[in-house]
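Down below are the structures I want you to see.
Two complexes are shown next, each including chain A; its partner changes from chain B in the first to chain C in the second.
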Partner chain A sequence: MPVQILKERNSGKITSVTLGATAEQGGTRACTITVGGESSLPWLHFEGETPNKPVVAVEVLDRYPEEWNDAVKATYGDAMKDAAAWAKAAVECGGADLIYLRLQSADPELGASTPEQCVATVKKVLAAVGVPVAVIGCGIDEVDNKVIPAVAEACAGENLLLGLATTENYNTIVAAAMVHKHTVIAQSPLDINMCKQLNILITEMGIPADRIIVDPSIGGLGYGLEYAYSVGERARIGSLQGDKMLALPTIGTVGFEAWKAKEANVGADEFPGWGDQAERGILWEAVTAASLLQSGLDILVMRHPEAIALVKKNVADLMTPSSL
Partner chain B sequence: MEKHLITFMPDQVSVAVREGTNLLAAAKQAGIDMSSPCGGRGTCGKCAVKVLSGSYDSREDAHLTEDLKEQGLVLACKIKVRGPMTVEVPAQSRLTEHKVLLGSKRTRFTKANDYFATRKMNPICHRYCLSLDPPDLVDNQSDWDRLQNALRKQHGLKDATIAISCLQALPAAVRMGNWDITVTVGTLLGVPKVLTVEPGHTTRPTYGLAVDIGTTTVVVALLDTATGRILDKAGTYNKQSVYGSDVISRIMYTDDHPEGLAQLQKAVVDTLNELIDGLLAKNGINPREIPVLVHGGNTVMTHLFLGIPATWLRLEPYAPAVTAPPVLRAKELELHINPDALVVTIPSVAAYVGGDITAGVLANQITRSEELTLFIDIGTNGELVLGNNDWLVTCACSAGPAFEGSGIACGMRAMEGAIDSLEIDRKTLEAHCGTIGKIKPRGICGSGLICALSEMKYAGIIDRAGKMLPKQHPRIRPGSEGLEYVLVWADESGGKQDIVITEGDIKNLLRAKGAILAGIRTMLNLVQLEMQDIARVYIAGGFGNYLNISDSVRIGLLPDLPREKFEYVGNSCIQGAMTVLLSQEGLAESLDLANRMTYLELSNGNQFMDEFISALFIPHTDLNLFPSLQTECLGSAQATRGEQEGDAERPTGAGGPLPSSQES
Partner chain C sequence: MEIIGERINGMFKDIREAIKTLDKKPVQDWAIKQTENGATWLDVCVGPAAEDPTAAMKWLVETVQEVVDTPLSLDSTNYDLIEEGLKLCKRPALINSCHADRYKIERVFPMAVKYNAKVIALAMSEESGIPKTADARVGLAMELVAAADEFGLPLQDLYIDPLILPVNVAQDHAIEAMETLRQVKMLSDPPPKTTVGLSNVSQRCNNRKLLNRTMIAMLMASGLDSAIADANDDDLMETAAAARIIMNKEIYCDSFVELYKTNHYK
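The block that comes next holds the complex of A and B.
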């Protein structure tokens, strides 16, 4: 007797958001990327569609990341001393679908780059790669409120992914994105209600919903991953039930969180039973990513090419409907 | 130890205190009531004084505002006396004469009261004029037996008992009145007891007192219990205030001081006696003529009034010592009424749902029909009751005292000079304020704060999350805690400073309103009902003369229901106390109500927290809960957007705002 598959009927779906703009769209990108559009819980192909596969953004800094683990620093070597070279390498041999450029040097304690210098960096990265680019400030509101609008204006029409808009500083960033035709990242602190509140505040400024990517915040494996998973799951369920203020594609800083974990960083000499550190770190990043793929994450911000390769294989498998 | 003379100005009152005495304590000793919401811990910065001369030790005044420091003020609670001093106590550091919310102005309470709409009065204490048969050698039954028989035969009172003081007065009284006698009988749960005896037949009314013991204020009502007429009312601030403004700091005071409990009990008894003395003197009534007092209050106030340790009310699992205390005699509490008078406590439900709530539920007859009724008491805390004639659920949400004006930069209670309504011009952002007593504004009270939050949101000064939007406007400026909006300039106010609303105030208000709405939603979830199912809403609390329901809905404090479903009932605790005073059945019903209310502990589980976060938004994260506001949302979104873009060209293709969202 054939098994009757019970199907959930969903009234809503995730908004599709396109990043980057080609020449005819007013930008200079070789390609654009579209994320979102899912109409089922993650990977339930029999219930709904997953028209766009999750993508990987490679994290690139505008300063050499001294504090990063050697295993990660070894990947691109000296290219990491120049954001444009790093980005180029990430696209060519790191599996980057897009670049996640963090303008850390704007931080007064990490270089105090001026908005003009930041704009120059972004321009160089745009010239070096053809993929869409996300540009993130240094995290200090007063600084970012100068840097991001400058970048937005100088790169008008590129449809950059600008961030991070939070409850405290969304005004300036969203206004800049609206005027100069970019997309924004709305970041909330691991809380579904605060996530939705910020989306309401941002859309009320007049930016269309298909110009917002949500960063709901995540935790790495062993450091709150379950919490991130359940927030993602709740958001997806709410979206499918028709809540438009939750139905936005999501982005998560997987590499940043995974490589913060003690387990990704301590050497085998300290914990012989844990095995080789570099391999362990890569797996830590890959497992964090794979878990969050199951909660519906659309853009994974990652660091290590080998972890990225594993995740891409995983995504390819997941995108293939199982034969029932 | 050496004593020093401290003189307080401008009162010119002096008091001799020991070396090392705290100046705040010295002021109290001198009979000067100073404001000290933190209970003298030095954290509130309210007890500022100016030392005109003398020597003292002072610790760092970290909590004194720069402004006051510049004026040369210091915190009294941080000062230890080291020699004779002369100290000026400025008006802002004193507990001013309180205008207390005395409840509705119905003179004949029973006429308009919900409880007595369907029931007859049957007061706890009733006065009987009796004519006894004089004894003779054939019938030389005792005086008391004679009185008992007369009560049974003439008034059907069986098995009456008598207070010893009445027995002591009885033989002389019956003979002096030539066997005509007037007695007052108090009946509790069917058991009558003779409380006063007087010779002859008197035509004086029977009196009774109804009392609301609030954390901040105490109100006493004097009633003629035979007619149900309210003869007079008086209210003042609770003298316990000097030990802390909220119940938690007062419990902590009793924990930290060996005599603390006795001090707090004495403070509230003194408050009550002062009010009673005044009322009785004004109305020409002898204290002995008061045979009964019914009081209601929150559970902590009841514990402290009866001298019962409240320590464990503060600690998990929040178990009170008692919810329905026994009926006491006035002499046991040293109240200035008939020593044998009955002191009846309206029973509590749980640690944070007290007799004041039981009283409100009783007076407003929430159980009268199957209609789903919500009762909200917004005071120093927020207590909620939901139910009908079948069931009742109650909870307490830690809303904080923001709606009483506490913890708000320019907040004040609902008294003269408090802004209680306002409008902000959508274009010019100028505010037009109305005050209680129509005098120059001195601060802003709960109903004004609700208006302010609503107006600021819909004028585009703040966003839905309560953050002030950066705008070039003289009324919006940086303050000590983020941006602030100037409601009233100093030269138009009744004080010396601008009246402002700060971002910190808005956060406090959002938390207060969020806690209340989250409490409502959590209770509704428990019984699987929706906000739209609520048929009636009663709102009690010290908002002053009125509460703007529309603004309360617009900020998401109250559910979005047709406005006629709401009723503002003012001080419902005193109404409940009066109900019990006038109805023996009411007393029985209050005990039954307290037993029947199912207490929902909000700190148990994470549902309340989830609801709370989603309610920290104007009006709510789920805008579908507020359907009547959706057009307003649209309007304000456009206003905000216009401002944000300034002169910049509006991008083409940037679609319209999304005013609403949907959630299951």
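The block that comes next holds the complex of A and C.
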């Protein structure tokens, strides 16, 4: 007897959002990237479309990341002392579909770079790579409200992914993105109600929904991954039922969260049973990413090239429809 | 929750006068006001007093469509008049309404399919009148569901009305209507949509708005998808928004009331 597969009929789908702009579109990128557009729960190919595969953004800082684990610092070596060289290496041999550039040096305690210096860094990165670029502030609102508008203006038309717009601080960044034709990241703290509310506040300013990427916040493996999974799942179910204020592609800082874990960092000398630290850290990052792919994450912000290679293989497998 | 704004009706004095003098302003004012407050549909009814009801219906449809693109609910017992209105509607309309009598179904359902319209179908017939029990109402509702299938009317375009009577004269009816909603939703897969003439519950009662908004919350919990109601009763609209949140139809956010009002007429 043939088995009849029960299928959900979904009325909504995730908005498609395109990042970057080519010369014809007013930018200088060699290619653009489109994410979103899904019309089913993650990977249920028999119920709906997954027109765009999840992509990997490699995290690049505008200062040398002294505090990062040696296993990650060993990957690009001295290139990490220069954001443009780092970004170029990440695209050429690190599997980066796009670059996630954090302007940490604007932080008064980490270099106090001026908005002009930050603009120069972004310009150098744009010149070094052809992929779309996300530009994130240092996390201090007063500083970011000077830096991000300056970057937005200097790179008008590039369709950068600018962040972070939060409930406490979204006006300036969203306005800059609107005026200079960029996309914004709307970040909320692992709270689906605040996530939806922030999207409403941002769209009320007049920015179209296809210019917003949601960062719902995530936790790494062993450190709240389940909460991130639940929020992602709930948002996707709501989106499929027609909730437009949640139906936006998502981004998550996988590398940042995974490499914070004790399990990714302590050496085998301390816990011999845990095995080689570098390999363990890479797997910690890869498993965090793979788990969140199951909750529908569209852009994975990652660090280690070997973890990225594992995740890309996983994505390729997931994108192949099963025989159902 | 689809609210079918009830205000453009010749039973109201200002609309009756407007139809008589061809004064567009009161009609258009109500079209805009109801739409802005979250009406999904606008009911248009010429009422009993119009000299030429067909001309009045055509005038109402055109007058409303000049100012809003909210879809219309054409309210009449005269199906030829409704058909004239349907020809003018720019967006798929709602036919308000059809009884469960075979000859009426045969006139209305094919017309709905032809004009891509939806139908409010009442769980009553000439023979039964308004049935007392939920069982009798469900029986008629299921005949309407079967007829929709027969005539090719998609079930999501069929709005079953279990019928609401004023609570001061027919106090035992409301609970039967709720049970009817529950069973209609359970017995058909996919289920049809449901609607009621909400304000009926409070005719000639004191505290009308309180009765209306309490009723809508209770009916929603029983399976109500839409209601012909006063879209400019803010308390009512806010109750509907809150009920959607409590029933987990919508993910909570602080702006849930505003979101409900802006989302539902687009």
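Definition applied: the second predicted complex is superposed on the first by the 324 of 324 C-alpha atoms of A that agree within 3 Å, B and C clash if a C-alpha of one lies under 4 Å from a C-alpha of the other, contacts with A are read in each partner's own complex, and residues count from 1 in each chain.
FYI, a residue touches a chain if its C-beta (ideal position, glycine included) is under 8 Å from a C-beta of that chain, and two chains touch if they have at least 3 such contacts.
Since this is a predicted model, take the numbers as computed values, not measurements.
After superposition onto chain A, partners chain B and chain C are found to clash with each other.
In the overlay built on the shared chain, the residue A:321 is in contact with neither chain B nor chain C. When the two structures are aligned on the shared chain, A:208 is found in touch with chain B, with no touch to chain C. Touch counts on chain A: comparing chain C and chain B, the chain ahead is B.
By the touch criterion stated above, A:275 is placed in contact with neither chain B nor chain C. After overlaying the two complexes on the shared chain, residue contacts for A:243 are found with chain B and with chain C alike.
When the shared chain is aligned, chain B comes close enough to touch A:175, but chain C does not.
In the superposition on chain A, contact of A:26 is made with neither chain B nor chain C.
Two complexes overlaid on chain A leave one chain B stretch from 560-568, 578-586 or 596-604 clashing with chain C, and it is 560-568.
Touched by chain B in one complex and by chain C in the other are residues 193-194, 196-197, 200-201, 238, 243-246 of chain A. Only residues 192-194, 196-197, 200-201, 234-235, 238, 243-246 of chain A touch chain C when the two sit together in their complex. Residue ranges of chain C in contact with chain A, taken from their complex: 250-255, 259, 263. Against chain B, the residues of chain A that register as touching in their complex are 12, 167-168, 171, 174-175, 178-181, 191, 193-194, 196-198, 200-201, 203-209, 238, 241-246. Interface residues of chain B, counted against chain A in their complex, comprise 463-465, 467, 469-470, 610, 613-614, 616-617, 621, 623, 633, 636-637, 640-641, 644-645, 648-651, 654-659, 661-664.
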